[in-house]
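Each chain gets a letter, A, B, C and D, in the order it is written, and its residues are counted from 1.
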Amino acid sequence: MSLLNENRLSKMFSSPGKKRSIYLTAGYPKLHDTVPLLEILQNSGIDFVEIGIPFSDSIMDGPVILNSHQIALGNGMTMDVLFDQLAAVRAHISIPIVLMGSMNPVYQYGFDRFCKQCEKVGVDGLLLPDLPVIEFKKHYSDFYRENNIAPVFMISPQTSSARLAEIDGLTESFLYAVSSSSTTGASSKMEDSQAYFEQLQIQNFRNPVVIGFNIKTREDIKFVSQYADGVIVGSAFIQALEGGFDPDKITGFIEGLKD
Amino acid sequence: MSYQVDENGFYGPYGGSYVPEVLFSNVEELAENYQAILDDPGFQNEFKRLLRLYVGRETPLCPSPYLSELYGACIWLKREDLCHSGSHKINNTLGQVLLAKRLGKKRIVAETGAGSHGVATAMACALLKMPCSVYMGEVDMERQFPNVERMRLLGAEVIPAVSGSKTLKDATNEAFRHWINNPTDTYYVIGSVVGPHPYPDMVTRFQSVISRELLDQVPELTEQSLPDYVVACVGGGSNAAGSFYHFLDHPGVRLIAAEAAGKGLNSGFSAAATFLGKEGILHGTKTKFMQTEEGQVLEAHSISAGLDYPGIGPLHAYLHDTGRAEFVAVTDDEAMAAGIALSENEGIIPAIESAHALAALAQLRLKPTDVVVLCLSGRGDKDLETYINYSTSQKANHESVK
Amino acid sequence: MSYQVDENGFYGPYGGSYVPEVLFSNVEELAENYQAILDDPGFQNEFKRLLRLYVGRETPLCPSPYLSELYGACIWLKREDLCHSGSHKINNTLGQVLLAKRLGKKRIVAETGAGSHGVATAMACALLKMPCSVYMGEVDMERQFPNVERMRLLGAEVIPAVSGSKTLKDATNEAFRHWINNPTDTYYVIGSVVGPHPYPDMVTRFQSVISRELLDQVPELTEQSLPDYVVACVGGGSNAAGSFYHFLDHPGVRLIAAEAAGKGLNSGFSAAATFLGKEGILHGTKTKFMQTEEGQVLEAHSISAGLDYPGIGPLHAYLHDTGRAEFVAVTDDEAMAAGIALSENEGIIPAIESAHALAALAQLRLKPTDVVVLCLSGRGDKDLETYINYSTSQKANHESVK
Amino acid sequence: MSLLNENRLSKMFSSPGKKRSIYLTAGYPKLHDTVPLLEILQNSGIDFVEIGIPFSDSIMDGPVILNSHQIALGNGMTMDVLFDQLAAVRAHISIPIVLMGSMNPVYQYGFDRFCKQCEKVGVDGLLLPDLPVIEFKKHYSDFYRENNIAPVFMISPQTSSARLAEIDGLTESFLYAVSSSSTTGASSKMEDSQAYFEQLQIQNFRNPVVIGFNIKTREDIKFVSQYADGVIVGSAFIQALEGGFDPDKITGFIEGLKD
């Protein structure tokens, strides 16, 4: 019952294998690092990326990603700059792109206008953690559909089964399951979430499940991949960028995550 | 027109609940239960008993001969400064901590600006035996140090918020993050009528004891059954919401909200959200706040830590748009002068927050028969350093001009 | 047996009026007029009105679940800490400043130890438009600095007393000297039930509002018409006198007065006048105070500036000798521990003075049915530094022992 | 109606001329300076002296005399030391001596015992500023009379005429009129008290009137002597002792006060 036309995300998920994804903050560590980073990620075999839209007051994020937001804003990252960069990317980047961020910058940009731009520049999915499902349904779902943007929602250990079903129904592409109840970059151990992961596994979701938050090492990925269709590495990647963007180091980092 | 929250948590276009999924069930649990708990006679009795015996309510409605003469009207001070803890904030924290216990929560987290809410939370937690962590901006920890000491003495953990402007907004972010990291056992005691539904309505209801008492006190002490004006300062807006609540449906009562203009509305150092803000989503609610074109939140400035917040609660955004409340901007200097004048002329040292309400009186065109009730939301003990430094620097400026 | 002052100003052998001739007519004028003024309905109305609307009386009688459990009795706190100004002292200063106006006086002088009385005097003076000078020992100015700032903000002049131990006794000397130098236009607002007649009786009467309220509150809130115990700390003894007053003639009510033992009764650093003092004449009254064989006044020591006084009022000396009140000595350490415990367990930070009364509970042999009323004379906001430093050094000691 | 036997004070006042008196603090500046000081004063023609008994908390005194009390106490001055010194004095000192001090040290010594000692060592008068007249009458006047000690009382601009009459009636020797309402050593000008002095003059007192407090200079003495039977110099004298007791300086000081 997909409402979307063929979309890079759904195509990617329909291919076999566990997916690996990287989160990066737009405009970090330097304003124009985003495009070359995307190239490296694609070349290293990353299946899809999430690009964080920096926000001054992102409550979902821990210190590492927060800091990247501050720096990106300081670098001059804005919605228009981001869309300009992305517009240039699609010539040579084919992996799916999910934009992720707090509601307010999108709201100020204009939700409709934002979704139109997303489609234009080839964004495949949109995850706004503080957009409530009820608001999505009432005001915004049309904008996603009309612009062929896959709605992505988070689910957490706190999410009730009734709500899991509802979210699964609204989601197109994948469910973003947080590995534990935390902000990004917390120090939780994946093993501690095993029971939750097992529970996720036995749900009969329409959508593939990707697990994110606090996944740092090859071992984490191996462990988590047993239970999900994919994993996302965020803070650990941002941390690898902290000294400045060094292509070899980044390639090494990605290689290090592989089995 | 109704000024009550609707079933989805909105006041007109404002309000709602914009929280990450991790917090959804917490907030939903609260939204589903708060009305029933608040209306439960057992809860009501316990809450009222504590307000009476522990907080010392009711607080008096005290005539102000000095202000009455100065402004040529009958001006009365609602003395929330006499509440245990030193401000109205305890009305809310006792209510919420009692409620948290009903919900079976085991730990409390809170944010604080001036420290008033932090102290009031720490007190409620000490009394009701709940461990308590309070986030406070580093800048605020310095300018309201006595309150930091009080919280620690009360056994609360005070955690500095070091991001952003290191003030209330950032402490609120950190408290949200703490909550996200501890959603099952922790209850977040929000300190004002902000945050996701049902906080704005719940906090308003706890604070509405202020106007509930006024409904009896005004006819008892004045020659009118209703005041002509109710004046209060607005940080997030809890003392204002509590003071306005029972008068919302009496259109004859003019509701005046004093916002912090900081160094001046156009100075770039201000916290007047209705003047400088626009609609957006912050801290889980849709409301008015100061932000860039891009939707990045602006840092607020006010000499008063409790008003140093870029937004206001959704009820106030709605009262502003509908014209039901009138918003007035008060600068740092106007507030400080008003606070010092009340100290010297009436022996009441107001919190600098409350001093903004005092200074707002100068912007009203009062008639001799007008009955004005002003919510003196807190005492200025926490602000002594700021007052003294301000007086000293004023004197120095004065000298150097001569 | 009568515990009322006699027509010459004595309680048994104690009391009287030992003032230099320069002050005689002032004191006589007061002695001759105070009863009539206090009984005047106009004065009574004005005084009661201010106590209600300005001070926030009545103060609640608040159950203490923590202390009740700890000591196995029904323990209630009389919340004078909720009074405007932060202590019971304002009951007295409003009364006296009103009276000074009736007597046509133009200026006020006062002494202060903890600063509570100084602040309360400065507040009454600001409200009632009287210029005000407050003497405060240099040592006390340091340890109660927030109160110095409050007095200044209230427009009072704070004058350091630099003689002797630089504490309350010396501030009192200086206030007397100031009065001697300005006898016609100046009224001396004494802060406790000390000084020449009629001060002890007059201050007792102003403070007796405390026990007056208890007469109603005890039967309303407990199952008894009278408490079994009334407990209060004694510096000069005004909060104790006010708490005891209406129970003096009810021999079934045990009256417990907590004195400051400082570093220990035999340490040479104490302020426990009934234990260490003997009869003599100080500050215009015959009472018990600590002195050498030669009659030189000894320097008192207490961690609490408000109890750091070598004497007590003549009424208390008499209650001591007749056995009507029982005196208990509480060390600095015991008081600090009790104050910190109440903060952590009940969310009430008591003045260190009041913490002496809390610690005295440990010396009573209470039964589960006993109804104990404890006068929580003031809040500890002025004492934050002392509390925090004490906690820190306790922790350091603890560490070094390990 | 004198109740006293012949007494040095009354004899002195019955001689003609304005009297000059000096106040000194017992045991100041050094413990044993009192006796040699008395000798100089007698030799310089001073008519009588007041000796202050030091007290830790004398509220009648200003900084100069207060300080002398502190030092004297520090030097070890006690009632017994003072009586020992005075006992030795009468062999060569004939001018009248008035003891002056706060009630408490006398009260602790025992009022009766104190008066007996005074008589024994040849003290002529006793002034206790904080001994109220009513207490004097009720409890203490007998001790004065039995031991031939002249009671001295202060009067002030605040004293009512009824009370002036009462005090005059109780006093034997002289009335000590303070020059203005103040502690000792205040900076009031004698001229400002002229009206009060004139008033004193027209009262028909039984006793001679001596004016004290804040009299510092030869001019002060000259002015005040117009209205009274004598003057007392206190703080100014103590101040002259502040560097230490130098007999020549003190003689010079006393000479400087003469017309």
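Going forward, contacts are C-beta pairs under 8 Å (C-beta built on N, C-alpha and C of every residue); 3 or more make two chains touch, one makes a residue touch a chain.
As the structure is a prediction and not an experimental result, all values here were calculated from the model.
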item: Graph separation of subunit A and subunit C (steps between touching chains); value: 2
item: Most remote chain, CA-based centroid, reference being subunit A; value: D
item: Inter-chain centre distance, subunit A versus subunit B - centres from mean C-alpha coordinates, in Å; value: 37
item: Subunit A-subunit D separation of Cα centroids, rounded to whole Å; value: 96
item: Two or more partner chains touched - positions in subunit B; value: none
item: Residue list for subunit A, restricted to those that touch at least two other chains; value: none
item: Graph class of chain-chain contacts, one of line, ring, star, complete, other; value: line
item: Every chain pair in contact, whichever chains are involved; value: A-B, B-C, C-D
item: Complex interface listing, subunit C residues touching subunit B; value: 52-54, 56, 59-63, 79, 81-84, 86, 122-127, 146, 149-150, 152-155, 221, 340, 343-349, 380-381, 384-385, 387-388, 391
item: Touching residues (chain side subunit A, partner subunit B) in the complex; value: 55-57, 59-62, 66, 70, 73, 78-79, 102-109, 129-132, 134-135, 153-156, 158-160, 163, 167, 178, 181-183, 186
item: In the complex, subunit B residues that touch subunit A; value: 8, 16-26, 163-164, 169-170, 173, 176-177, 180-184, 280-284, 291, 293-297
